[in-house]
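Below is one structure, written out as structure tokens; comments come after it.
Chain IDs A, B, C, D, E and F follow the sequence of writing; residue 1 opens each chain.
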């Protein structure tokens, strides 16, 4: 299952089309805590990519989502209600990224997949938040990638890629250089079945990659350079094919 | 994992509150192919239940969904687009059930969870279709059950309950009388990881039942009496607790 | 009233502008029963037309509309509710045509006339379904033709054109090669006043053609070539001027 | 066709249910030019009716619609655009009637038939304007009457009822005391086919009355008492059955 | 201008109707930083009030609004865009208050004044956030008070009431026990004209109170008891009449 | 405060960028009473400007707004409800201007600031009406100017510019050639504090100009040439900087 790797990979090794349609999933941990200067860096990278490619970005909820959800849970709100609060947080983060992107972005977060596609006319970067309770923003990004016919999905997370086990718990965990979507589905489901552990890519997102054969990269989002590497090659995360 | 059963169970054996908030998931196969006379029977049963309980119904896409999706796939539409077509089909089916329910129902399918809750004021039965690409109507029903604080979720499917294996393939498959939501999650994920097999309850719906500890029944929807038995006891399907 | 024809006409004989703004009304019987291969043919024809002209397409409900409406009527739903079900069916058909058109089309059915006009920016083919209870999709197409300032409306139906009587009932019925919109209004109203007979163009659509003097062609939609002929000339249906 | 009348009728002579669901079509000429005092009178009558019955009111565009449409036409706007302007005017008039009705009315004009039905919960009077280009507010009222299962439609117009000819042109025109919906359809269509003459009930509204067998009264709206008489009997207009 | 006060007032001294329609403006500083336990206290107080009165609550943006706006400004976003971000924050806070209120509240923040009025049917507490760029939530609360015909508006702020000057800057600032709306307008405008100082009630809110003569109380929102006192008397803030 | 002027100014004297983003506020008194011929003149001027610049236009309510509001007030409607009626009137006027602009304009009034920005793609003139109760269309125009990053706001009013006092009351009132936004805020607030007098620019609009440092011109809108002069220089109104 997958190919374990110990040296620096140069992925993807295959010839990529250009321009590409790219969908990014930027986890809440990537954007939400950053200061304006750092956000500018991410926006700069996305704008450079958008000069050549068509770029869509789905952003997560991060710290603000966690804080509001924690309070709502303590107030006995349902989990579905908490999901809606989390979606509210992703829209705030999406608006902040739009602020950083300025005129390079469509002026408001897209509210539907068709809306995202329409808003991309003229080369605008389209930013989205969460769409529905019960779905992570990774899943939204995978669905959007399907919908717009993306050439690649880049999942920028807080870890270095997909591991054979949770690296924070198991020091022997190995990072996969590459793996099939089918293996990713299996790994994600097995991980989610264990109490308290979370997969870097949620099972639904993995299944969508599998059903639509969309090439994807799971990269460490803490380094802004990985946005470009995830799209055009040279990243040290995990390549899903 | 679960408790296998060979004689007629009387579930749920526990004392139920009355009135209850009930959410039904009526698979597309249950409603979509029926003639008007048969739909009246289902509507009659739901109206009887609504005299005592608050009733929400999520309906699937069924045959019309499959036909349109098959054509769309042959036209190279994305799977996410096909999901949207399927949602369109569930809305048609939801409208048909509303026609059968008449004034007992809110006049149009709810478009959001909050909208469903608001529309239930005054004791109206609220009917919904699918809500988002990448989610089955079972998952929508489970999310709605969370959102409205349902006492029970009743999943009416084309099989008799949850089995240890696909009964159409494996003649030794046993039906579970009851099982925990955690076991259902495990079973659903293991089933989905096998090529070509589908779980009677999809993994996301199972996980939502688990996270919110909503009691549920999986019953054979082909018999209209099972709607009432699934809510109030006496069904021969699988009880999730 | 009109000009009866016995030989192959070459309509329209007048000089047409190019590019034109074209609105098509594709009756449900034209698209709804077709398989994917056949839908591709229609999509191909529309895409070719869209390379030169601005193309809008209004699609009807067809078989799925009839089936759902028949059930809803048997369930005592009101005719206005049935109209709404029929509109739901036209949206499904519109999405299927969008699937066939792929990137040549705006990604979702337009929900308003202004929305249709906006969505046509950049040369996209815009597809619509029904808009309001009490209105046929022919009437929607005529209203859209007015709204967008169309050069021609092409009504693609299940018959060869406008006849002096229903050709299935009256073997002596003659097809009109051309007629005025005023004559079409009269004929449509007289037809509709007879029990059980339907005009190939409904009276409202006819009146809209009359009030706005939009040239139109009524052609047999079962032959895909008639889409182009209806717009650019050479069809053997009825020319309304 | 119909029954000509020369003495004061007491319609409807049949036993009416109570409470009834009533739909009013108040032509623009009835409300639009009135001062506040006069509007209060109409509101008072509707509130009295709403104490016993469920009341829906569709209001026309009147003078403001005509003025704006005349300018838009002079600016070469399409007729469909003019229809949209007219709908805007009906919404203004609907809001004014809501102001006159105060808390007896739902707080804003309904935007759909289902919305109208939902807004009527709790006994609120629901006010609507026009809904779609190409449709008069009479047609909207007839469709709403179908949708809500109205017991009666009362069309309050600027003339005394339905005449055999335009009474302003033909001094021998006779008012019908009663007529069938089928006769009304025929009369409306024949009237509309003549240049420059308008039927007191438009053909589409007439056809909807015919298809759904909704009893209706066409009464002179300039006398506020006719609102009650149109619903409960005693009017001197035309009864459609 | 106003009446300065040095001893504990018992406002309002006039006879109040009961039940009343009450609109609360809860500044972001009141709710946004609180933990769940504290939010429960506010929710409890509002639910008690709602047992007797009809209650609407407009909530501010608070800390989360300030943080996101600060970042957006550093990213060169326009002030109008920042206002929209702030509105997003108020919706998050509104949802959190709804979570605390549970079934006593309408399930989602109202999106319009008419929507707020409709959602209040059945005695539900209706919660709103901001509505439009360029308007404080105090102004929204005042507009809502007008719209729903409120008997009283209670502005719960971070200070003890309206002062003759900013009490943090000018130790000689006196709190007004009561003042007219006209005086409040003057004071608010004079305050806003000074660089860096903000009025406890913004000029637009004050002008709305003036134009509609809505009695209001400005109270210290840090004490939950002041919600009830502001409505029913006994507060030590400023009474506007 | 400001610079009083007695001879013909040539404003703005500074070098202007080209193309500019221009936002116009056309008071209801400017457009609402005009006949079609006159509206064509304004449309022609705006189309000429749009050939070089990006143009947004916010239109006021004028006579129709005043008439409807007067009636609503006499019917005891709340001021907030009257504001909503006024917004309805601005939409009617916006549609009329769109009719005059034809294909040079986006086909319907924008419903949000983001919607206005999106609709401007491709060089379309975007027309808006009012947006929220409690806000003048001048304030909407100022907020839009912020949102779209306008180079200039041109307020076309029924007076010649900003005066030191109301010129209709005080014959010694002087027109300012130029003034700072800060001075405009002060003047607007002082004016509004006086009973019965209205500032040519409302205080909120003035404050928005101040906070975002948007250069603005207040010009007499009764002369169509002033639209161009307000943008490009040469007007005899008041320049705000």
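In this text, a residue touches a chain if its C-beta (ideal position, glycine included) is under 8 Å from a C-beta of that chain, and two chains touch if they have at least 3 such contacts.
Fair warning: this is a prediction, and the values are worked out from it, not measured in the lab.
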- Check every other chain and keep only those touching both subunit D and subunit E; list them. B, F
- Message: I want to confirm something about subunit B and subunit D. Since they are copies of the same sequence, is their interface symmetric in residue numbering (over half shared, so same) or not (under half, so different)?
- Response: different
- Message: Please identify the chain with the largest separation between its CA centroid and the CA centroid of subunit E.
- Response: C
- The angle in degrees, nearest 5, through which subunit B must rotate for its Cα atoms to match subunit C is 180
- Query: Roughly how many whole angstrom separate the Cα centroids of subunit D and subunit F?
  - Reply: 39
- Task: Round to the nearest whole Å and give the separation of the Cα centres of subunit B and subunit E.
- Result: 44
- Query: What is the distance in Å between the mean C-alpha positions of subunit C and subunit D?
  - Reply: 31
- Give the residues of subunit E that touch two or more other chains, as numbers and ranges in rising order. 81, 84, 113-114, 121
- Item | Pairs of chains found to touch, sorted by chain label | A-B, A-C, A-E, A-F, B-C, B-D, B-E, C-D, C-F, D-E, D-F, E-F
- Task: Would you pull the subunit C residues touching subunit D in the complex into a rising list?
- Result: 78-81, 83-84, 113, 131-135, 139, 142-144, 146-147, 149, 185-186, 189, 192-193, 203-204, 207-208, 211-212
- Note on the structure: Note: in the complex, subunit F contacts subunit A through residues 112-114, 117-118, 121
- Message: Could you list, by residue number, the parts of subunit A that touch subunit F in their complex?
- Response: 106-108, 119, 121-122
- Can you list the subunit E residues touching subunit A in their complex? 35-37, 39-40, 43, 64, 68, 71-72, 74-77, 81, 84-85, 88-89, 91-92, 95-96, 99-100, 102
